[in-house]
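Same chain, two partners: chain A is paired with chain B first, then with chain C.
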Partner chain A sequence: MNLRLGAFGRQESVSLVLLGTFVSGCFAIDTNAVFRDGNRIYLVQGIATVLALLLFELLTGAIRRRGGNALYALIGDARWKPVLAVPLSLALLLAAMQPMEQYLCAITQYVFVETKQTVICLYLLPCLTLLVLLGAETLARTARLMLPILLLSVLVTLALVAAQGRTYRLYPIPLSDPLAWFEQIAGATYRAFMPLLALLCIGDGTQTPNALKSAGRLGGLLGGGLAVAALFGLSITFSYAQLSGMPSAFYRMLVEVRAENPTLRLDRATFFLWMTGAILVSAFYLYAACVLFAQSFGVRDIRPLGMSVCALAVTLILVLYYDSETTQAVLKTLYRDAWLLALLPVPFLLIRTRKERVVCGVSS
Partner chain B sequence: MKKAIRDLFRFDQPYRKFELLETEPKRTPSFFACRKPKQAKEYAIEGTVDRDLKTNRKRLFTLFRGADNSDLILRSFLIGGRVKALAVCLNGMADAKQIGAFILRPAYRANVDGIPEKSLPVFLKERVLSMQEAELCADWATVVSAITEGRTAVLIDGAKEAVLADTRGFVSRPVGEPQNEMTILGPKEAFTENLRTNVTLLRRILKRPDFVCRFRDAGGTNRTKLVIAYLDGTVNPSLLQELERRLDAIASNDPMTVGRVEQLIEEYTYLPMPQMLKTERPDRAAAAVLDGRIALLVEGCPLAGVLPITLGTLMESGEDTDMRQPVGTIVRLIRMTGALLSTYLPAYFLALALHHPGQLSSEILETVISSRSMVFLPLPVEMIFLLLVFQLVREAGLRVPGAVGHAIGIIGGLLLGQAAVSANIVSTVVLIIVALTGLGNFAVPDYSAQVAIAYYRVALCIAASFGGLLGIAVTGLSTTAVLASLKSFGVPFLTPFAPVAAHREHLFWRERIQNRRGASDWANPDRRRA
Partner chain C sequence: MRRIFVILLALLCSVGCVHSKSLDEYAYVLNIGVEPGTTMPYLVTFLVSMPGGGTEEITVTNAVLSAEARTFSEAAETLNAAYPGRLSFSRASLLVLGEDLVREGAQTAFLDFSFGKQDLWQNLRVAVARDSIKELFEGLLTDDDPSLRKIKTAVSKLSTRSGLTMDAGYSAYLEAVQDNRIDAMLTYAGVNEWALSPDLLGDGAYPYTGGSLLVDSTLKTSTAGSAVFDGDRMVGVLNGQHTMSVLMVTDAFRRGKRVFTLPDGRPLVVTLYRMRRPQIELSGDTAQVKLYLEADFSQPQTVPMDSETFKAFVRDRIEADLAAVCRALQNAGSDAMGFGRFAAKAFHSAAAWEAYDWKTAYRALKVTFTVSLGLVNDPRDSGLE
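Showing the complex of A and B:
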């Protein structure tokens, strides 16, 4: 099978997961929903990181017990293979769409005003497709190359923000609505879990099961920590009332930094640098979705599938802007409840492994 | 007149006008015929040396087109005044004095009484020919190949083996100074067109018994000699095997040079970035061999190809290690800055000026606007036009002899630039940007890498003029990804950054000489400490 997995080391895997956790945690949030009634996101993100890592530990343990190195080891011989693989692939597809959609929104609102989303997508689609076609090895290496620059830019921005941030903006923390807490934690866990799930999908490319496990742990933890720091920085820069009506809040934060330091005219360059990170992460998720789908349905070559999935992702993003209200409503519901798609198959996978262990124990 | 009119209206080809037709006899016309890979026609050089001298003579005469090739020498003589023999060589390739003094004269004087014909080749090699290098050979293809190299084949009547005597004596250029990789502190020797001289230059630096120079044909019909130079026990055996496999697959009729061999054996043919380092400096090739890599020398080419390579290899200069460490580090940082400026500066300027003017300060914006007020070309066209002019001046300067080349550079750089600004064809700001770009480009030590960067620069400029920073971002990301996927003979091109290698060969700063320990591990050598 031509899955274009290649081989990549621990540092490359850590870079992919770190970048994924950070991008999904910071650039994929819907500010209208998150900051509706207060600011709790910097707490939620921390909890979500821990939960995602817990899920990852459970899944890697189950994979190891099955003697495999990737998620496919858990669903490869299942009778309901497509039923398990399709929701996970769809969850990855939706996770890939989120940062791109946010960036598309930011570009059309702040950078290229009055430009249609279709035009921007014409730039994004070839790059996204190329990355997916080049495969896991290239994605991991590109992530390893870009991570230091992205980290530097994020840390410099946060350092500048910290100097002018106000801690009173962290309040109020809305404690009265448990359902909202649950919704936000579920959504954030989904976003934090997606890079780990994608890593599990391409686990055959890592050198050993231990490398996979440690890469997931380290990348998830560091990425989650960085996302918490970035969200904290965002929260002390703007009040929740400002943030709730502010799409692409991170770009606004950059502009704020520049307003205070007029000599730093790098906000656009930094914005597009972060955008390359978002494209890379989207490509990572799409590629992982393709691998899972191809393995589950016996597709022998990932390239046609990769091209189709990239086109589908970009089309669905455009549908959010242009198509009928019904379609938009369906897509938005999928967006909101994507965590169900990602998290529901996981217990089934774990239960299957548990049952097999019991059966093996009885027979032996 | 009548003939002219008839020629005008005839459908077929007029008789006296010769033209090579695309569809020749015995070739099936096909729509996809042009896609078929070009296969080299093999000469019918097979079999062994015949016992009959006349047959051998006739075969050689036919094979070398003796009727037309007047430089083919077929010299008959009698060994010891009794046994018929034939000395075959190519005039000019073989040294006539050596043939006379060490083959013909001793052969006339030899006493071959009582020695059977079949033992004569051994007798001749061991007792008669006072040559430094002589060997027995029965394979006809080897005999023919030896003659083309300048050796002399002695064929004896009744013997099934020929004696191949080394009489090569053709004229070659002496060892000179490097023309393109000049250094201030490093050695001043450069490779020549003579393969033996090049091997000697390497052997003078690498005085080790495990240094191997394996001679072989480059493949194809031309059978150009090449040498694979490596350190046995240090080089990765699978890399060597892969190189041999790719060389075996060459089927080209073109004369071989290092550049052509590179294109025939590399994996990613369509990418502008080179996958083999071409150097004219023996010290650089020797350093690479010590590092666990392979140097490829080709007969008739004054360059050595080094493989595998990384981006770091292309950014290194020959004298990097001759400088003191802090100085070397600064020079390397300047070089990297130059390369980055050269790649991104024109595109970044275009993006800011066209799509994001808010990112420029009002003073700079004012300067840009005032300098462009009279220029009629749009900014992207002006930038790309100037970049092309820069490449034109550079190519023109390269192809003409030294002093005139420098003059072209000065004329192109100063007069043409000044005149273009005065004529309002280009603006001063763009001229400064292109000049900085050009300087940065020259800071890249490798010529092939310079040209490759020029491709990326133009691509980024086009992307920036259409999409601003968005265009640069997506093109830059795509380029980085393609470079990350690139491999030079199995070694990832962006090693040791992605993937990370244990031996952290620094790209941005030079490590201390004391810290250099043997071969780089990204070449995966057999023994880490060579």
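Showing the complex of A and C:
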């Protein structure tokens, strides 16, 4: 099979997961929904990071018990293989679309003003496709190269924000609505879990099961911590009323703090750096979705599948901008409830492994 | 395959050259001003920096242009039509609102434009103009500082170093209008020949602004204290000394000179420094504000009192002034000191906070101020000893 997994080390895996957790945690949030009734996102992100890491621990434990090194070990011989693989692949596809959609929104609103999304997509699609076709090793090594400068840019921005931010903007903290808490935690857990799931999908490229496990732990923890810090920075820069409905809030934060500081002429450069990171993460998710799908359905060459999936993702994003209200409503519902696609198959995978252990125990 | 890839890459990279424009074809809007129009709702004034000259040497001239319009976009389009080159708003850094406009709260409809669209950002500084904005912009033009950068930086530094005026950004203004937790306080500016007008406490507006007004200089525009708002309506002006009192409570104060009158009628100048973050406790209809300041007294030998009496004298004056400013703001309905920031902490949902009538509660709030004052120079510790 030509899955183009290659081989990459622990640093590369950590970089991929860290970048993914940060991008999904910060650049993929729907500000309308998240800040509608106050600001709790930085708390939610912290809880979600812990839950996502717990899920990762459970899955890696199950994979190890089955003697594998990737998620496919859990679903490879399952009778309901498509039922488990398709929702997970779809969840990864939706997770890949979210940063790209933010990218399109930011670039058409702040950089190439009033340019049509289709024009930007003409440039976006080849980049994504190329990254997906080059495979896991290229993605991981590029993430490793990008990470230091991206981290530096985020930390400098946060340092500037810390000097100007005010903690009163955190209030009122919405504690009274358990349903809203549940919805936000589920959504954030889905976003925090996606890079870990993607890593599990390409686990065969990591050198050992231990490397896979420690990379997931470290990347998830660091990426989650960075996302919490960034969201906290955002929360002390803008009030919930300003954030609600603010597109690409992170770029706005960068611009707000630029007056009289050294980032004055670096905002666009920083923006493109962050957006390149977002494209890389989207490509990572799409590639992982392709690997899972190819392994589950016996597709021997990932390249045609990769091209189709990239085209599908970009087309679906354009549908969000151009198509009828009904189609948009369906896609937005999918976005909102994507956590169900990602999280519901997980208990089945774990229960199945547990049952087999019980059966093995009885037979032995 | 590789050749085709290289050709495609070269084509992609050359896209930026298709509609290229040389630098002298751009004109940069530096300041934007809005005031009531005569035929249209708004008179929009732009201070534009226009490059000219040949290829050898590019000269820059500034011009004040204005257009009447219903929206910002309309005004920008009118201006674009009047200029042969291309206008860029990327260097705009000051938004001036006419006092007549903000007294009515009529600026909100105009300001409802999408930031980023015109390369305009919310880190614009915002000021309120007492006089005609055209005159105000013309007063800013000097040969020494064609980009106006030094002037704008000077206003910011004046705010930090003297505490006599407010350096406010559009983002803070917008937050104040939307959030109801703190009311806006903006730089108040005018041309130097303006007449003395009373502030919210009945004092003159200009005598304490570091001598920037009524000075014969190339700069004909200057600032004096601040304009205070109730929501999106301007409700009054605070002079420099009273502005400092508000900045102390909002923790925007770093240092500044206060002028007190001694019992024998002589003026006493004391430099105050912020020692630590103010503490504000709000429970029910009472609020307690504790400020931590340090006083640097430059003429100790002229004060006819000992350290403790001097400290008590300065502390009492500051507390009395804070209480008077707070009462004046409450009467005007402006929560410029931001007690709403603390009131909001008691709420556990945005909807509950938004439904709460904070302004009515604020007007009835009983506020007490306590100043903890340290002395840098003991008045009796004369340099002659």
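Quick note on the criterion: the second predicted complex is superposed on the first by the 361 of 364 C-alpha atoms of A that agree within 3 Å, B and C clash if a C-alpha of one lies under 4 Å from a C-alpha of the other, contacts with A are read in each partner's own complex, and residues count from 1 in each chain.
The definition used in the following text is that a contact is a pair of C-beta atoms (placed from the backbone, for glycine too) under 8 Å apart; a residue touches a chain by one contact, two chains touch by 3 or more.
From a predicted model like this one, the values you see are computed outputs, not experimental measurements.
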Which superposed partner A:204 touches (first chain B, second chain C, both, neither): neither
Which superposed partner A:275 touches (first chain B, second chain C, both, neither): first
Partner chain in contact with A:171 - chain B first, chain C second, else both or neither: second
Which partner reaches more residues of chain A (counting touched residues only), chain B or chain C: B
Touching partner for A:101 - first (chain B), second (chain C), both, neither: neither
On chain A, positions contacted by chain B and by chain C: 123
Chain B-facing residues of chain A, complex: 8-9, 11-12, 107, 111-112, 120, 123-124, 126-127, 130-131, 134-135, 137-142, 144-146, 265-269, 271-273, 275-276, 279-280
Chain C - residues contacting chain A, complex: 12, 93, 114, 116-119, 121-123, 153, 156, 169, 171, 174-175, 178-179, 181, 338, 341-342, 344-353
Touching residues (chain side chain B, partner chain A) in the complex: 348, 355-356, 358-361, 467-478, 480-482, 484-485, 492, 494, 497-500
Of all residues in chain A, those that touch chain C in their complex: 36-38, 109-110, 113-114, 123, 166, 168, 171-177, 238-242, 252, 255-260
